[in-house]
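The two complexes that follow have chain A in common; it is paired with chain B in the first and with chain C in the second.
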Partner chain A sequence: MEASLLRLICSKISSRTRFFNLTLCNETVQQISRCSSTFNQTQSEKFRTAFRTEINDPRHHTLDHVGLYYQIPQEEVNGVLKTTIKESDMRLMKTFNEYCLMVRKPALELNGYIKNFNLNHPVPRFLLYGLKGAGKTCIMQYTMQHFHRENWIILHVPWAGRWVRGWYKEVSESSYKPGRYDTPTDGAEWLELFKTQNQGKLKNLKTTSEYIWTKREKAEIGTPLEEIINFGQTRIKFSSDCAGVILKELRKQAPLLGLKVLVAVGAVNAFYVQWDMLNALKNSEKKRLQPGEISLIHNFKKMLSPTWTHGVAVCTADVFANSELTRENYTPLYVLKQEGFEALDPFVPILVPEYTDKEALSNINYFIDHNWIQNDHGKTDEGKKEIIFVSNHNPLSLHKICSSL
Partner chain B sequence: MATPLNKVYGVMKVVLYVRKTCPLQFASRLNPCFHYSLIQVSRMSQYHPKYVDPIINKDELAEGIPENDIRRHRPIKAPTTDRSISPLFYDPTVNKFTVMMMKGGNKERVREIMRGLFENLKHTQIELWNKAKTDQERHAIECNPIEIFKKAIENCEPLLMIKRVVKGGVPYRVPVCARPNEKTFRAMKWIIESCRDKERRLPMENKLAWEIMDAYNNQGKAVRKKQEVHKICESNRAYAHLR
Partner chain C sequence: MAALRQYSPIVNDIHRTFLTSLSAIQFRHLRSSTGHRQTERNERELNDSDSFRVYEIEGLRKSKEEKKTRRVAPKPFAPRYRSMPVDQDWTNVWPSAATFKWATVPFPVRQGYIKSSAENEGVIPAKYGNLELMKGPNFLHLTPAHIKKHCAALKKFCTPWPEGLETDGKCRHHFPVESITSDYVFAAPSIRDERARFVTIKFYLSDLELDYHARDKFIRLVGTRYNKDTDEVTFESGRCPLKAQNLDFLKFVLTALYFESWKYESWEKLKELSDMERYFWDLNASRKKCTSLLRTIKSLDDSSESNSDKLNYLPPDVSDDEALCSLPEVNKYKVAIEEIFNEGENIDTINQYKNAVKTLLNINSDVV
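== the complex of A and B ==
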């Protein structure tokens, strides 16, 4: 009797929320046998407030989980996702005492593409673009977490705009090639990030050629990559060169050793469009630097060209890395400008839309569950509708509005 | 009287005339068509005194106006831009505080500060709420930022104020009962002033959040200021009869 009822219910349930329902079914089977009509009511209420999945592994997420929250373990927040999570979000997570992300459709789409890609082909480029606050960076975090669990090596630039600005930064001419400029602090910072994000994955990697730093110091063939990272961190002067060495070695060795490399760059347009405000980087002759002249950027640009295999590049296009006068649109050609578009072409553009009604509701329900929305009117259906309307379905403005309720 | 006064002199003149010459209770006796609302006209109002206030509440609007209501026959004022029908984004106390903190008409900035203030209050309280282990502890923690804000202002409100009265060429500091509007005004002013010190160059929302949490617990600069005023009133109570 019960089994047949269960089948009947499962068939009624729409495909989107099936997983959530199945977990509910076991609890409520006994209720059903008593009274089926009340069961339908309570279930519909639970649908409305469903905002969470039990599956915390991004590898097992499907389209059924779109709009639901899943939990990230603490080690990954301090490991792979370090410095990627925004400060305000991090503060919220600390207050809630748990780290949660929402599963979104473009993220699943992107992960599906990467999973089904034949890695023997040259590197494909995926470009995430969308309005401000639509969730481009969050989707990159999701992808990074997914492929970190599959033991990919991750090369991550949190926000490339940082590398082209900063009047306080030290800029020195490269000892490797004249006409190129090093930013020692940025290089050391990136090496530190690379080390924390790839703990335990770099053990077997060794250099395949000799690198001479100065007359007395050099790295022999077969030096472990970890040693090069340490050298870059202690001798900050060579940090940009060390980063270049690591990128070059990975490019060379990925097809030989069967490594898989994920290159994730936030705001790629900073690589191609010159930043022309007052705080742009300048050389000793007070001349503004082109992005290509900065050695870190020069090296990372090579990772985005389809000259190597066994890797995937995911980038975001952020208008806010461009100058203030050109922030009207968010489409790839407008943001990357002609030069950047041609450099990345052909790439797969992925539009990151704003929240759908379902996602916005699940976000609000998540906040209510964690006691974040205190206004009594905000907890009613009418209030939820109003919040969604005022935020215009934009995730960032929804967060801002809810922060004062 | 054959012709009503307001037709002869115009409304405003009558109001001022009546105010000067006769007390309120005689105004209606003087002229039967004289309406009470005419007397409460504010001098800087851009509206003709015939205009009545609009209905802001959505539910009240849905109910409709009764047959004999005056609003059926009078022109209605347009609602001001800072009023909203939504209980999500409008609160009279918060609005008053926002306007008082504003400098040079830059309300957008002050609203942003208020948003940050409520966010900070919520962060501190909800973190405590999450850390609390028993239900009893949780009930004791107030998480609603607007409730905290109102309670803090209530704690800063003085009961007595000091007024300067000159009697026989000698000025006296006389303690008087504070009016309700004056009370809230003083409380808000003290809170804002105590956060505007230039020694600590910190974001205003952070300083306000600390000050309000202090005032909520009956501590801090603003509450101390209230106590000082009370103390002066206490020492000058011999002059209380002079008011």
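== the complex of A and C ==
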């Protein structure tokens, strides 16, 4: 009886861990030896799943790695993923002394679309939508890391809602075009982010037309893009214009130089839906600005229209960038409103679902492994089931619940 | 005689007492008559001891033995339901509409509200003297047996059901307009009731011959009188004093509306995109964007050397908009986007849109 049971378990576990590395196999061997001791134990081992993979390169992840954690190196966290990771997640990662992200199915699906896409065609638009806390931003991070490793240039807006609101934020009329408004601090911030995320990729890029800032200052043809960035950072009055120049040059040069550009915009609905709360940006006449009147947004909207090639745009739809009265649903048309939908159309909507049982268990096991869950009941099968039930499979609420266990 | 002899000691006792009382009669004339027993007691006192007689003032002391005779109310009859046979004809018991009578209703029924378990011992009041049951209307005069009797009484006035109108569908086909009127009958000096003038007519919009424009205009003209879910239009009128006048008026309204909705006024050509009742892909910017995008892709495909990842479904000539839009891939996309706007977003319409866009732009993933 026991021998046949052992054989059964062995076959099951080996089929599950076929793709995992050696260390995991060792672990499962230990499991098997424990499993064989009593029947009751085998029941409880049913829920014991591996939660890590040693394949830390997103390019090599397959469907077999869904729900497993992989490690992100420190330099990428400070480089390409800078400011994309939420502050609370960052604190948790620092506590664990490692930067880990879960491989999820929509991320693999999205990366598959981008990999197979013919870049000679105009930019395709992908829209990640889902419930709050389902992991839209994390999937965007995953995609950014994946294509950063393939040497794509990354244009990233962490959360576009920041660009349309702010108490006492400086707003000045654009010197380039009247009726449009610059937000110098946002522009400089974005230039800094762009520089850090694309270290070492901008060396050979030079401007192809002349840009006149003032009567005395201008950028000649052939000015390196890095110089433009530095100019924007020192003269932040022109930071929005500099950002516009960079975007324009990349649109123009991507097909010529064979560059690959990934545009990643968080909460893209802020580009199209008017923010009408008190902290909305206003011009000198106290009139609320339309999103399209802000230079940065105007420039980024051009990146989202299929007028250029050799690029891909990935956006998230975050209903929390819209006003409080319209946050009942998370579907694309509801979040983007008709204007935004028509601007992005045709796009590929990708649903980011909440955790499956497997992913939720993997998350809990990861927390247990790092002693984040210290309550003894939380480590039992019953406790795990309870956590999953109480969090309703939502990653964010699972995180919140586990922080007090 | 034997029985008398057996009870002879008792008979003797009675006899003796009788004699004593006879001997006392001689004193009786001294006082006004009082109760027989009191006399007896006084006389006994007189005989027992040699004390004075006591003059008794009538009414001074209340005599205990005085008997009050009170009239006892006759007991009520047992409630009627107790004596009802099980197989009685209920229609005779409760022939017409009446207030609830507890004694006549042969089943237990409770009605009312108790504030707490302390009130009425926590039980909802039973039917006896229950005002709550009397307040509400009852249908004890409309049981199946009653209805059967009514029908039997009415049957002699009925004519056979017309042939060819066996089903509701056939009725609707032959009589598409349904008119509803009411008559009010009562005993009063005047038999007129002003409520009787109201007329309602109902019909299905699909029974009218209308094209898309006329139908849309008709719906806009009738406003809330059209029920979208049942496709039914309801007109009601009470503006004229007589029923026949109101009916004529409604017929006129229906005719006028029908012909009015077929008319095409000059100002209707000014209808803009925002006035549209539905999302039409052909009129929206989406079509223009889509065709121009496909043309761009075609020109890019033509100029590139490699053969892979091209949009193979595009014809060699893409200059004609109509030809482009009639391609199955584009048509699928059109249907999908129209459904998202017209039917609303749900997991089906969004997935349909996603798949349509994927085929339209040739976007594929190994992981699906």
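Points to keep in mind about this one:
Heads up, the rule we're going with is that the second predicted complex is superposed on the first by the 360 of 405 C-alpha atoms of A that agree within 3 Å, B and C clash if a C-alpha of one lies under 4 Å from a C-alpha of the other, contacts with A are read in each partner's own complex, and residues count from 1 in each chain.
By definition in this document, a contact is a pair of C-beta atoms (placed from the backbone, for glycine too) under 8 Å apart; a residue touches a chain by one contact, two chains touch by 3 or more.
It should be emphasised that the depicted structure is a prediction, and the values quoted were computed from it without experimental measurement.
By the touch criterion defined above, A:Pro124 reaches chain C but does not reach chain B.
In the superposed model, A:Ser403 lies in contact with chain B only, and not with chain C.
After overlaying the two complexes on the shared chain, residue contacts for A:Lys177 are found with neither chain B nor chain C. Contacts of A:His377 after superposition: chain B is touched, whereas chain C is not reached.
Of the two partner chains, chain C is the only one that A:Val348 touches; chain B does not reach it. Within the superposed three-chain model, A:Asn116 lies in touch with chain C and out of touch with chain B [touch as defined at top]. Within the superposed three-chain model, A:Leu108 lies in touch with chain C and out of touch with chain B [touch as defined at top].
Touched residues of chain A were counted for both chain B and chain C, and C has more of them. By the touch criterion defined above, A:Tyr334 reaches chain C but does not reach chain B. Counting contacts as defined above, no chain A residue meets chain B in one complex and chain C in the other.
In the complex of the two chains, the chain A residues touching chain C come out as 62-63, 105, 108-113, 115-118, 120-122, 124, 306, 309, 329, 331-334, 338, 342, 345-351. Residue ranges on chain A touching chain B, taken from their complex, read 91, 94-97, 370-372, 374-378, 383, 386-387, 390, 400, 403-405.
Of all residues in chain C, only 284-286, 289-290, 293, 296-297, 300-301, 304, 308-311, 333, 337, 340-341, 345-347, 350, 353-354, 357-358, 360-368 touch chain A in the complex they form. Against chain A, in their complex, chain B makes its touches with residues 86-89, 114-115, 118-119, 122-123, 126-127, 129-131, 143-146.
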